[in-house]
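This is the structure I want to talk about, given as structure tokens.
All chains are identified by letter, namely A, B, C, D and E, in their written order; residue positions are counted from 1 within each chain.
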Amino acid sequence: MANDDFSDTDDAVGEIAVSGNPLAFPIISALQDERLMFDAESKKVYVKQTDGRIIDAATGAAVDKLPDTAAAVSLNNRLRRSVDAALGGLTLLSPDVNTRLSAAKSVFKSHDEATLPTVESALAKETNRAVKQALADARAAIFLFKSDASEVDKLEAVATVKARGDQEALALLTEISGGDQPANVTKAAASAIVSIQGSLAIWSGVQNAWYGLSLGSVLLLAAIGLAITFGVMGVINMAHGEMVMLGAYTTFVVQEVIRTRYPALFDYSLLIAAPLAFLVAGAIGVLIERTIIRFLYGRPLETLLATWGLSLILQQAVRSAFGPTNREVGNPSWMSGAFELGQITITYNRLWILCFTMAVFVILLAMLRYTALGLEMRAVTQNRRMAASMGIATSRVDALTFGLGSGIAGIAGVALSQIDNVSPNLGQSYIIDSFMVVVFGGVGNLWGTLVGAFTLGIANKFLEPVAGAVLGKIAILVLIILFIQKRPRGLFALKGRAVEA
Amino acid sequence: MMPHLLTRSLDRGASIFLLVVAACGILIPLSNLLLPAGSALQVPTYLVALWGKYVCYAILALSIDLIWGYCGILSLGHGAFFALGGYAMGMYLMRQIGTRGVYGNPLLPDFMVFLNYAKLPWYWHGFDMFWFAALMVLVVPGLLAFGFGWLAFRSRVTGVYLSIITQAMTYALLLAFFRNDFGFGGNNGLTDFKDILGFNVQAEGTRAALFALSCLSLIIAFLICRAVVTSKLGKVLIAIRDAESRTRFLGYRVESYKLFVFTLSACMAGVAGALYVPQVGIINPSEFAPGNSIEAVIWVAVGGRGTLVGAALGAVVVNYAKTFFTSGLLAPYWLFMLGALFVLVTLLLPKGIIGTFNSWWDQLSTKTPNAESAAREDGVTEPKMAE
Amino acid sequence: ADDTIKIGVLHSLSGTMAISETTLKDTILFLIDEQNKKGGVLGKKLEAVVVDPASNWPLFAEKARELITKNKVAVVFGCWTSVSRKSVLPVFKELNSILFYPVQYEGEESERNVFYTGAAPNQQAIPAVDYLMKEEKVKRWVLAGTDYVYPRTTNKILEAYLKSKGVAQDDIMINYTPFGHSDWQTIVADIKKFGSAGKKTAVVSTINGDANVPFYKELGNQGIKAKDIPVVAFSVGEEELAGIDTKPLVGHLAAWNYFESIKTPANEKFIKEWQAYTKNPKRVTNDPMEAHVIGFNMWVKAVEKVKSTDPDKVIDALPGTEAPNLTGGVSKMLPNHHITKPVFIGEIKGDGQFSVVYKTKDLVPGDAWSKELEGSKDLIGDWVGKKCGNFNVKTNKCLGSGT
Amino acid sequence: MLDVKDINLYYGAAQALRGVSIAAEPGKVTCVLGRNGVGKTSLLRALVGQYPLASGSITFDGADITHLKPYERARKGIGFVPQGREIFPLLTVEENLKTGFGPLKRADRSIPDDVFSLFPVLQSMLGRRGGDLSGGQQQQLAIGRAMVMRPKLLLLDEPTEGIQPSIIKDIGRAISYLRNLGNIAIVLVEQYLDFACELGDNFAVMDRGAVKYSCTRANLDPAEISRQMAL
Amino acid sequence: MNVMDTRSTSSLLYLDAVHVSFDGFHAINNLSLTLEPGEMRAIIGPNGAGKTTMMDIITGKTKPDEGTVLFDGKTDLTRLDETRIAELGIGRKFQKPTVFESQSVEDNLLLALNVDHSVKGTLFWRGSRNEAEQIDRVLETVRLKDLRRKLAGSLSHGQKQWLEIGMLLAQDPKLLLVDEPVAGMTDVETHQTAELLKEINRDHTVMVVEHDMTFVRELGVKVTCLHEGTVLAEGTIDQVSSNDRVIEVYLGR
């Protein structure tokens, strides 16, 4: 390990792992965490322990101080894999369930023959069901590749692996069916491959549907504020995207404060950011309405001009304040990672965004339907003059409505910061899609926006695997154009004389 | 064109406009070519190219004003027709390069060589002939507009729905043209032009001629628009804009009218694009970007919708502002300036520059009450009472 | 006649490209500042003329013309995307001025008026693939890119190269996405699937700009670890990483000719002065910046050599000019107007920096024309001997208009 | 209760009201008559505040409301049934009625039974969108909507327009019922002379933006009014 | 539908068993009605009886769920669009006056004139003396001569009513459908309108919807009372207005 050459280090790891030396585990795990130090002068290797103490790797003796010339042994991917494999063998007997589980999984992946004895002894002792299953899988994987394993063992292994039914199982089976195996095993493997492929095909349909829902929820979230400012109020709000962007930057600022002052709160950063983003974007929305939009009612196309101007100003303002580059917004732990549902991977951030979107939708719908403010909003936008004569304070309602639409856009920004860039251009990338969704669903109809977003999302995700992302997107646009010919007022068109001139 | 169409179309504003454009079209090239470089009165080549670009934008703006200002069709995808015209011209210019390309391939444009095209795609044939390319400049945008309009107007797609599908159209084209496989050079577009009709595109004389030609086209486009809007057809268009279904009950075939102006307007946009390409030297898919089309609509709004002269003026003013703000000390703030310009124009000059000027002029000169029209002037209708 | 020498800076400060180009504008301003402290060039101060072409390609051409004719700049440093370079190219040729282009690109160009200080495909893509083959034993390849010229060309080159190394068609998956693509679920899942076929798989990413952040976020969330399927990118650098939480991405790779983390005295000094200049101790540096540094220094040397800023003289003087790069070697301007560069492969670290895991032994000379492409394999650019950017060595002819 | 003094109103340069003065008292119906385009609607619009006055004053309930915003006037108790009905087209009949809740205290927010007993059709169409109703139904809805506000002053602009005879009678009954409550002042703009004569207490005939003839019930001469209107 | 039978009808307009419902609400129910050439017919009926909807069907604005509408004994209007129907010679005045608000009174009439309505025709149109005279005549008739240059949008409600009637006159159709022409008019004007309609009726067929019984009486023509989408009673004004059901649902006691 003395050399800073990856191949040498790699070999060293292998040797240490099989050496049975009690120091093997601390050394290798130190390597993994980049706590293994190498001093080029004395050609000595040290382990920085987690508690800060330093020991000499060769002897295990404690050392007072690292020589100045010592530097961490660097890792690359190949090394990381070897380390994992080595640790896998070494940690199969760890007292911690999760460590054992991941160890078993990494053995399954590496199917390193050398670990077989450990796997078997671990399997015998194991009580936890999940770990037991993982160990059995690992053992099966090893057998599959063990050239001297008996045919019976191998067939059994094929069956075990087939039962997993996932991509990795498929990969293992495909790999062995190429090699020279007893005829029976090859046959069993072939049939297992067919059956796994069949079930995976169904799962891929389910997966597309889920991706579609998730894309739909993002579209819906981006569009829903627009469904208010544009759909309800009739303002062609080109600055909508910038409201989304402001929400995302609010998240950034919140996280920045948390990171520097209250790191413990990081997991709550989104919960804090959401209401703040609503307030920030909402307040700016109210400001815009009071200073600009209110002079433009009844002239919807001029709102296009003014809000376009506004969007330029807001973008540049953010660029001046935060710089032109992306800002980092992290995922809280509950928004990171994924879990497996059958054969598909569901990422937590997408799942939460879906839930969040639905919650926003339901609240908004209820608000418009059942509250006095909701009624007043609709009355004002349908006939401002008459609404005033009914005693409705139209200017207040206008400001609130625009503020609400903008605020919701801000909330959308919080969610979108979890999956996309936080940059001054963020808004631009959603504005066209948002208009598409609102118009496709039918202007002025929240349900239309909902169904529109999910339809486009799902259609997109079913087209993408077939046509590729670019042609898929083009196809969606063409479909929208054709669809509007069939339904010139969108999916959920308002019909009847109430809407016609 | 029938003479009465022409004579009717010339009121004072129109005549002044035509005179100014004609004067520019003649004087600027002459000054550029004849006066010695560096003399105070000489217009530098740099400005000729710049103003040539503005003039092309002005033609595009006119074409938008024709359908939006007079017929209420808000196209947020007109840049597509402009770009298609530009591509048609670009294809001609590419073919003119001939063996002077970097790979010296007599038939294939450079990008096709390095992307391993075995032979020229069928849709590139014929573009080596100017007359064919010139025809395509009209036909391609015209056909697309005709097909698109035929579908949309027949199914009575109106208002924002129409606007958004025009946007979808240009967006789809944008994505398609980005692809290398589409055969138009992908993101890098068509560039490095050498000759047009045997003249070097970079030569000062060619530039001056192109500028004059652009002015001439602007004049012709303007005359066509004026002829259309001052004819009875113009009144029908306005009727359609204000109360489409009422027009139908009077026995007008609304979809034919819309189709006519839409196609006409697309052809004009195509011509604008075709003149634009040799002057700026590149055509690339970003011309299809929805933002470009929206911006073009904004020029019209700034200048004054439904005034024609205003549209052309708006295009020049906004683009000049852009040129001006993007260099020098103001450069870091130019988006603030441009944004503020748009906001202020909407608030202070609700009818645009020319529109406001016109009503101010009317009030001064006639003193007749020009009652605030309650008409919905927009393609987007606020929900209205049933009858 | 003037007592200053003007230098044009043609980088977008607004619009979609501002994200990358603003830094380059600052870099040039910084370099000019430093040079002026040393007394300028030829005894004259340098003066920057900054314009904003706003990510709008025709505007690039317009601004280039303005810089050259109106402001009379001696040289222009600018452009990021290839299309912007293509857009200004005729202007530079017509007005005979000089452009330094600092970004990696698809190659297939060698122009008299342009000096390419970024990487050609053979200085970035090919070494990266070599590394993955050797060090990671990659057998299966995903070539993922944004659907436009640079990725398509790079992938075409890579595909040809991989096949020449015996990789089967089935083991190459090519995938294109639109600009600004933000929903990567399907593609990441596909990559995962493609990668679980039992052979070691890697992704070569030519994904551009905005689309990268959502791509890496999705990779992280779907749990694709660098250990399993490494991703090597050609346009993700320190600046891009500053906008992402890099912890889930540790171990993914990038191929560049410069990394901020490379410890050389020159680099450390540069970083320190840069951070002081921008008054931001966290401001990162990246590869295109270094390209500008090299280009700028070469220009200064050339000007001082011929004692003039006259473009013709400078253009002739530049080939052969050497300038030290920040990572320890000395880059040299080649007759084809590209430069020699070291190639590094770096792994992403948790702090948003790269740790270098591989470095080419020598500097790699940039090829203007790719050897892997049928149409260009016989071409060379040589502005010294042959005075031609596209000289066919087989037919011994200068192609196109270059004769 | 309502006292309008010498008001002038312009549309751009055109004068629509010239020095109009008019008054209304609780328990009384003031009828405004006149041909098309003489300014009747303009007068009511001025009263509810939809157009600013050039000069003159409007006093209501002892307070000067000349410069109040439309919704402030409505909150003071001015109900308005406009010409052309101005129903909120996409709101249901019920929601249209509920828009009248604005000026009311929370406890009072209910639709008075009178509305449905007067216009049973509204009861049966509560869930239909206002814009889908027939012209006459909308007119009934517009009157009902104003009644929900429990106004102190009710302004009716040609409420019988497009209404079937039997309901005209009902509306007549409704107006006299409201008048007889004694605390509501009513201004009725009409062209339908018989109807106006039957209900009115005070009459004003307008011409070219000015009141050119007025009388009270006591000295009412329908023939004279009709002559004045025809001129 | 019995095609042979209907083809032989001599009536100008023949509605046969027409049915329309909106989201389950039956607005027109098995409605049948004939109008002879040259006839004038008054239609009355409660608010919401379906009078306007019937006109919507005839003019192509609403497509019936069932039934046919024959014009001139041969053309089935339910298959044609609004423009085609207008071209056949059916003109309409809407219940709520709809005019081209941003154009002058004069231009509104010009647009209504029954001349070439094709794109080419209007593009190359030049005014003729004949047309100018016709417009003058109409302006005279509807007494908007002084306002001819005014924008239609700035007219009062009643003036717009008159303008719409004027447009109908200018359109000069074979069949005029007039929806509530006298709403918002003074008694004198009502009388004048009745006279005008009678005059028009000399060489046009007219169908007029009104609630003003004095007016209907003055027209002195056959009256049809609709109720809930079907014909409730038909006959002279006296017959209809003495019908018990009509009194109950419409006239009131």
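By our rule, a residue touches a chain if its C-beta (ideal position, glycine included) is under 8 Å from a C-beta of that chain, and two chains touch if they have at least 3 such contacts.
None of the values given here were measured: they were computed from a predicted structure.
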Chain of greatest Cα-centre distance to chain D: C
Chain nearest the overall C-alpha centroid of the shown protein atoms: B
Mean-CA-position distance for chain D and chain C (Å): 75
Distance from chain C to chain B - Cα centre to Cα centre, in angstrom: 36
Chain B and chain D: spacing of chain centres that average the CA atoms, whole Å: 52
Sequence positions of chain A contacting 2 or more other chains: 315-316, 382, 428, 444, 470, 473, 496-499, 501
Touching two or more other chains - residue numbers and ranges from chain D: 11, 14, 84, 86, 89-90, 131-133, 135
Contacts with two or more other chains, residues of chain C listed in rising order: 13-14, 147, 176, 178
In the complex with chain B, residue positions of chain E that touch it: 52, 59, 61, 81-83, 86-87, 91-92, 94-96, 98-103, 107, 110-112, 114, 117-119, 122-126, 150-151, 153-154, 167, 171
Complex contacts: residues of chain B adjacent to chain E: 2, 4-5, 228, 231-233, 235-236, 238-239, 242-243, 245-254, 256-257, 260, 371-377, 385-387
Residue ranges of chain B touching chain A (in the complex, touch as defined): 74, 148, 151-152, 155-158, 160-161, 164-165, 167-169, 171-172, 175-176, 178-179, 243-246, 290-291, 294-295, 297-298, 301-302, 305, 332-333, 335-336, 338-343, 345-347, 350, 376-384, 386-387
Chain B-touching residues of chain A, taken from the complex the two chains share: 234, 236, 238, 292, 295-296, 298-302, 304-306, 308-313, 315-317, 320, 381-382, 428, 432, 435-436, 439, 443-444, 470, 473-474, 477-478, 480-482, 484-486, 488-490, 497-501
Residues of chain C defined as touching chain B within the complex: 13-14, 50-54, 56-59, 61-63, 65-66, 69-70, 81-83, 86-87, 89-91, 93-94, 108-109, 147-150, 152-153, 156, 176, 178-179, 370, 373-376, 379, 389-390, 392, 397, 399-402
